[in-house]
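Some notes on the structure that comes next.
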Amino acid sequence: MRPSRTVTVAATLLVITTMAGSILLLRLVDKARQGATLQEVLYISSPQALKRLSLGYSGLMADIYWTRAVQYFGGNQADNTNNYALLYPLLEITTTLDPKLLVAYEYGSNFLSAGPPLGTGQPKEAAQLVKQGIQNNPDQWHLYYDLGFIYYMGMKDYKAAADAFAQGAKLPKAHPFMRVMAANMAAHAGDIQMARMMWTTTYESSTDKQIRANAAAHLRALKVDQDISALNTIISRYENQTGLTPHSFAELIHAGVLRGVPLDPLGQPYKLTADGSVAVSDPDDLPFITQGVPLGYKPPAKPKLLPVN
Amino acid sequence: MSGRILHIASNTFREAVRDRVLYNLIVFALLMCGAAILVGQISIDIERLVVVNLGLTAISIFGIVIAIFIGIGLVSKEIEKRTLYTVLSRPVRRWEFIAGKFFGLAGTLIVNTFFMAIGVFAALLYVSHHFQASDAGVLVALYFIILQFLIIVALALFFSSFSSPLLSAIFAFALFIIGTFAEDLRGFAALTHGAERWLATGAAYLVPNISALNVISQVAHGEPVAGQLILYNTGYALLYSAMVLFGAILIFEHRNLK
Amino acid sequence: MSAIEILGLEKTYPVGFWRKRPKRALKPLSLTIEEGEIFGFLGPNGAGKTTTLKMLMGLVFPSGGTARILGRPIGDPAMQAQIGFLPEQPYFYDHLTPRELLTYYGQLSGLTTKEAERKVPEMLDRVGLRDAANVQLRKFSKGMLQRVGIAQSILHNPKVVFLDEPMSGLDPMGRHEVRDLIEQLKHEGKTIFFSTHILSDAEALCDRVAILHLGELRKVGAVADLTSAIGGRIELVWRGATIPQAFSALGAECHATGDTVRALVPESSQEAAMEALRREGLRLISLTPLRTSLEDYFVSQVKPSEATAGGKP
């Protein structure tokens, strides 16, 4: 006797069809209870209770909650739903389960502090999260930096930002800029130099591609703002001297006030429009710029971040 | 054919009953009585919540422990005691044996759950003196728990068809734990790239999706369960257990019963 | 139509966990067993008897060869309904009573509830378990379990009954009862295929036997044919202490005890030995032809290869 061929063939076919069917239904189940896993947060909202429930396996649990937070944030961002109510509770649970999970503080505060569409625009919660992180990891200068950054960029509280930088600067491995930032904060609050220094520090001290890309984009935006201010100065001087409104950079070059067509940080030429204002040629590649936006330009829902190497 | 499956199933049921499996009902009854009385004295307004949470969680845990610990022995014990030989030398197909064993243990668990459910509703009546419309949600949660049992029984039987009881228990229990985090696993998979993503997604879809079958906290808070979800979960649980069962049949059909 | 036809049935198991080496459990085996026969399947432990039975029952898949029972291939349900099987040292479902167990097996064999209700009490009477019919099997002794085992194998009135070591582990009374049962079954016209390593049982019951050793068939035949083939001997006893010179040439074994001598000589030398005794004037007390037992045959068959097997590194 051999194993029955009929049974073998039938069972194999049935395994395949039921597998396909179960995967199909699982997708329907997932659709029917979108975010249901996250709703758990509403039932067990106390991080301490959850920590006890995880029976000592809180490290793994923290990783799971961290993934949930990333998924939640990423999912909502993709859907353009600007409801991020569960993000802070998720991050709070994650960091309570594993207080040493630095990525959750850094990335998490980044999500929370930035305004939409890059973040959720909750700088207060972001500061709260990072403060908790500092309490649990007092030797991490980076967390002080994150805190100062949130105060500076998100809440425009320069005094608090200066304090955070000063405290962080005392730590042994702190980035040298920390001391400078603490010192200059009061005097140069709101100044382009200050902002550039902060984004440069972020760019240099982070290893995360997304964070670095974001910092690079901000640095480019600062450069564009600076360039355009300088160009505007040149143009108004030219207008004052000649009484003419220039319609192209060629006119200015001919007049000897410019040596060539100026280039933006990405190497693309700036444009001088007919009404005499300067604009970048590809605003999609340069998010966060405050000057040089072409007239009638509509930014994409999600800022385009050029990859960094 | 169906007659033989039925005979094997009823023998499996009888064996479980005579092996005093249903004694867990006594423990459960004590638990429910204690909870109902204690909760009524110490907490205000959340009696219903506590009774539902505790009752359904206990039903689920008791059932899963029974499903795993009996399920892993369904085939291997019959080989060890050589009872399988006398059964299979008769006009009984190997797949009929597997099917009979599955229905026998599933039936045992359904009966067990039925009695426990009576206990939960009695405790609910004791603490809140009347039933509410939202108590129907408890029935849905119980139904989902039974669907979970079908999956676990199929898995335990699957492992039992080729592995030792101890290993089977470990595999089945591990899959149950992983299954309760199945949605997170699919989340992890979504964060990976390239070939890893295919592998991770495949694995994530193959583990049992237990989490969607757990609506205990939801119904404890009196929230309704969407009809669509009931439908999809039913389909999913039946197809998944069928898949595992057909896998067990495939392995068992080719096995040399040394 | 033969009851059982085995044609070149063989089995090779892979052994070892990592690098699997093939181990031959049964070399190609061919046997034909006629209807109504009691056939003994003999061999020491590990000879391949149980493997053969399991292949016939469809529990183990052969590596080669085929077999037919009642003219139908193995695994055919129509055939399986007409055979009974008692595995070696069965335990059965110890949560059941004999009545429940027999009913269960009857149902699996396709008996209707009515038939089962009628046949089960009959069978319980027949194997002497009427008084214990409603006691759970976990309280049964080994002998009682064996009776239950035989009962389940013949309950559905099968044409061929396979018994794996039906007498092992039983006390003398139990063995006697099982022997009687097997003889009764033969009278009912059933074919019985049973394996054993207890030779006296086979000798007392079997029409024919097959001897299996190290997975290889050594001999098949009627018990009488096998034993005569080995050649008989004669026991001579005479008074006195003298052993005639001629005896050593005849290849006799002689033992002197007190005032008698006992000598074993080959059957063929009977005349010569008697003549020698007469010449010496010795008085013969007794002359007994010794029947060679199956045991002697078995030992003669099994010994040489065991020696070679043991000699392997």
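To keep things simple, chains are lettered A, B and C as they appear, and every chain counts its residues starting from 1.
As a convention for this text, a contact is a pair of C-beta atoms (placed from the backbone, for glycine too) under 8 Å apart; a residue touches a chain by one contact, two chains touch by 3 or more.
These figures come from a predicted structure and were not determined experimentally.
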Chain of greatest Cα-centre distance to chain A: C
Most central chain, Cα average position: B
Comparison of A-B and A-C (more C-beta pairs in contact): A-B
Where chain B and chain C are represented by their mean Cα positions, the distance between them in whole Å: 48
Centroid distance [mean C-alpha coordinates] between chain C and chain A, Å: 84
Separation of mean Cα positions, chain B and chain A [Å, integer]: 44
In chain B, residues with contacts to at least two other chains: 93, 254
Two or more partner chains touched - positions in chain C: 58, 61
Interface hub residues of chain A, defined as touching at least two other chains: 3-4
Residues of chain A touching chain C in the complex: 1-4
Residue ranges of chain B touching chain A (in the complex, touch as defined): 93-95, 181, 183-184, 186-188, 190-191, 205-206, 209, 211-212, 217-218, 220-221, 226, 228-229, 232-233, 235-236, 239-240, 242-243, 246-247, 249-250, 253-254
List of chain C residues in touch with chain B within their complex: 13, 54, 57-61, 77-78, 80-81, 83-93, 95-96, 100, 104-105, 107-110, 136, 149, 152-153, 162
Touch list for chain C against partner chain A, complex: 55, 58, 61-62, 73-75
Chain B partner contacts - residues on chain A that touch it in the complex: 3-4, 7-8, 11-12, 14-15, 18-19, 21-23, 25-26, 28-30, 32-33, 36-37, 39-40, 43-44, 64, 67-68, 70-71
